[in-house]
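There are two complexes below, and they share chain A, which is joined by chain B in the first and by chain C in the second.
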Partner chain A sequence: MSEPIIQTHQLTKQYGKRYSVKDLDLRVAKGDVYGFLGPNGAGKTTTIKMLLGLVQPTQGYVQIFGQDIQENRKQILRHVGALVESPTYYGHLSGYENLKLITQVLGLPKREIEEVLYIVGLSNDAGRLVRGYSLGMKQRLGIAAALLGNPKLLILDEPTNGLDPAGIREIRELIKRLAEEQGMTILISSHLLSEIEQTVTTVGIIFRGQLIFQKSLQALKQRAKGRLELEVSRPEEAKVHLQSFGWNPDLHGDRICFEVMSRKNVAQLIKTLVQGQFSVYGMNSIQPSLENIFIQLTERESC
Partner chain B sequence: MLEMLISDIRKLNRTWIPWLLILAPFAFCGLQIANYMIRLELLHPLGWKGLVAWTNYFWPVTLILGITLLASMLSGMEHDAKAWTKIFILPINKTIPFFSKFQLLFVSMMIFVFLTYTGLIIIGNRFDLGPTAGMLVAQQLLYPFFASMPVMVLQFWLSMTIQNQAVPITIGVVGATLSLFLAYSPLPVLNLLPWAYIPLASPLQEGNVAQWPLIGVLLGCFLLIASGRHFAKREF
Partner chain C sequence: MHLPIPFRYFYTELLKMRWSMIGFIILLGVAISLWIGFGIPVKVNQGVNEWLAFFGFTVHKYTMFFYPLIIGIFAAWVCRYEHIGNGWKQIFCLPISPSHVYFAKLGTVALLTLMTQFGLLSGFLFIGWLSGLQDAVPWFTLFSKVVYGWFASLPLMTLMLGCSLLWKNFATPFTLNFIFTVPSTAIFSGSKMGFWYPWSQPFLVMMPKHEWAIEGTQMDLFIGVGGMFCLFVGATYLFFTKRDW
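And then the complex of A and B:
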């Protein structure tokens, strides 16, 4: 196992009587692209704010690069880039000027501004006032700001929020590139699994303040099973017919469902149906959807 | 700290704030010019003291309103930019953004005072009020300015912590309106409220007027440190 970049221990935040985050043990290894998932209000942003030292935990503690965030805040933040909630921007300044404000405080050279603008693809719009930027561009400017100073860890809180499909794709490509080319460890939160499914290596799912899943994307995918749906005439009879031949069908409405099977078996199945004088109108192979697992996981918790 | 201050100054680019700092002293002096042009024969015999007295009528209210507006504009910019989370994850001490911004407010108000001083000296000389009473004018402008420090810190702290700028502006306007009543009220207790220091610090007042700027600066510094610490502890 590689060394953890982020590690939290029993992290808890209580607002009044309500637990916003409870006993969270987050672990992000070096080089991970960690997808931090949860429905709205699950405690994602609160957790991220605690990671960054913006909010004090009620209990537990956060270690980043093996150091406590409360004690070594400045040293840690020097190597962390983050975009929390909505991006910060001064509308009356240009994109370049907005980034200049940060390099000024951090004492970074000007060429870093051009570098990050290039990475997020805003070089051509750097001179325009940010007021006139589209939401996607503002979001990318926010990421550019987070990239200043060449951080080892990048924390992005819902970077795809409010973007159109093209914008979401752009951000996704960008994150992929950052992880692959720059070797950054990235934590990215979202309430939509499909948005980050193609980008992340590890997934943590938070629900009502608790971490209910934290494993590799592969492990999550294994939990999801695909299925085969058949639309046939007289489904009830077809089910009985198939059962008599040793199949194990499920009836969902007027569709007959099976677990994923080999191509040979599919052919055999259809042959059985046709020979039994049933008309096959259509067949659907339902891909394993992470969305479904997500719902399954969260529903079980809410029962 | 200096880097943060430079960064804060850069944020003023293309805003109204620098223009306002030039415009406001013009407006303030313009009022006196109009006043003296209309009834010079009445005001001329009063000399420099008369000009200072007329300045004194408006100066406390102008100061408090100026502080209120400027504090609100400087902080409102950050609220609008949703900048607090970004600022607080910069690898710098959490009190720096607060003190840097306050420095900017303080220096801006100093510029305002200096331009007003220049304007009044020019007015006095143009209307031939006798040998230039530079010291008196400076005292009239600077004593209330230093006495206003607690109010400045209070307004600044309110503007920085409250997102809805209507609240600090309302408090500032009420403070400006009440300052004269508090200063001239028969109840000495009311003189202890910081808004009263500002009118009381005019050199035209009787007694030891220099105590008010002194108290103002001392109380102001104390409040500044306290509010800075509070601000750094805020959670976003």
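And then the complex of A and C:
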């Protein structure tokens, strides 16, 4: 196992009596694209703010690059690019000037501004006032700002929030490229698994402030099983009929569901139904969806 | 380019400013003060330097009203861009500490205020020359009053900056400023308490000898201004560095 870039220990944030984040042990390895998932209000942003030292944890601590964020904040943040919540910008300045403010503080050469503008595809709009940017452009400007200084770790909080499908795809490809070409470690949060499913290597799921899953994307996918749905006449009777032939169907509403099976078995199944005088109106093969596991995981927790 | 980070950050504060607006505010404040100072027909007593007399008329309204107001505007201004859309968190994702940010903001307010003071002085000299004031120009007195006046407004700057950091609303520090200006004229300017009252301090320093303004030693002033400055910096600093973003 490679060295962890981010490691939190029993990280807890309490607001009044309510735990916003509780006993979180996050672990992001070097080179990971870590998808930090959870419904809105699960504690994603609070966690990210604690990672960056913007919010003090009630308990526990955060280590980034093996150093404590509270103690070595300034040294750590030199190598971290971050976009927290909605992007912030100075509307009365141009995109270029907004980035210049950051290079000025970090003491970076001006050409880095051109570079990051090119990476996020804003070169042509750099001279315009940010006030006139679309939400997607502002978001990309925020990412450009995070990229300044060639960080080793990139933390993006809901970078696809509020974007149209084309914008989401753009960001997704951008993140993929950064991870592959520059070898950056990236933590990206979202409330929609589908948005980042194609990008991430590791998934952490937070629900009501607690980490309920943290493994590779493959491990998550293995949990997801596809199923076969049949729409038939008299589903109750059909179920009993099928059971008498040794099938093991599930009834979901008026649909009969099966686990994924071979083509031969499917043919046999339909034959059995037809011979039993049931009409088959439709058949659906449901692909394994991470969205489903996500819902399963979070539902189990809430029960 | 390779100055330490706090100085580089301070420079970005200046880059963020909308200088046209700042220039407009300074010009307006100075113009109104001068208009009042020179516009009211008065007779200058014999033996009094005309420049000093008119400086008194001008500075009286200026320090009472416009100067605190302008300081309040500047203080709110330097926090405004961060309050819109919580730019604070983006700043604190950079490798700088809250104290850097605080002192950069305070430095900006102080710089703008100093510009206002010199704006007033140049305006005053110009209008004075236009209206053909007699007597020799008391350069040293005028100059030192302007600089001391700036120094004496440091507590007010820190206080207004603290309020602006605390409240997102542009109007709140503004209203407070307005409310606390009134007792300045009524009570504090005439008593030793004035040396401790941030809205009276610039007035007491900048006014030439006058029946409405109590006289004190430089020590009184220094202790009052220094004390209040430390108090406000300390309080704001504690609140500002400890909070979550």
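In the analysis below, the second predicted complex is superposed on the first by the 303 of 303 C-alpha atoms of A that agree within 3 Å, B and C clash if a C-alpha of one lies under 4 Å from a C-alpha of the other, contacts with A are read in each partner's own complex, and residues count from 1 in each chain.
Convention: contacts are C-beta pairs under 8 Å (C-beta built on N, C-alpha and C of every residue); 3 or more make two chains touch, one makes a residue touch a chain.
Being a predicted model, the structure only gives us computed values, none of them experimental.
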item: Clash or fit (per the criteria above) of chain B with chain C on chain A; value: clash
item: Contacts of A:114 with chain B and chain C, given as first, second, both or neither; value: neither
item: Which superposed partner A:145 touches (first chain B, second chain C, both, neither); value: both
item: Touching partner for A:100 - first (chain B), second (chain C), both, neither; value: both
item: Touching partner for A:49 - first (chain B), second (chain C), both, neither; value: both
item: Chain B versus chain C as contact partner of A:80, first or second or both or neither; value: both
item: Which of chain B and chain C A:89 touches, first, second, both or neither; value: both
item: On chain A, the residue positions that both chain B and chain C contact, one per complex; value: 49, 52-56, 73-78, 80, 82, 84-93, 97, 100-102, 104-107, 145
item: Chain C-touching residues of chain A, taken from the complex the two chains share; value: 49, 52-56, 73-78, 80, 82, 84-93, 97, 100-102, 104-107, 145-146
item: Chain A residues within the chain B interface of the complex; value: 49, 52-56, 73-78, 80, 82, 84-93, 97, 100-102, 104-107, 145
item: In the complex, chain C residues that touch chain A; value: 1-2, 5, 8-9, 11-12, 15-16, 18, 81, 84-87, 89-90, 92-97, 244-245
item: Residue numbers on chain B that touch chain A, as the complex places them; value: 3-4, 6-7, 10-11, 13-15, 77, 80-83, 85-93, 235-236
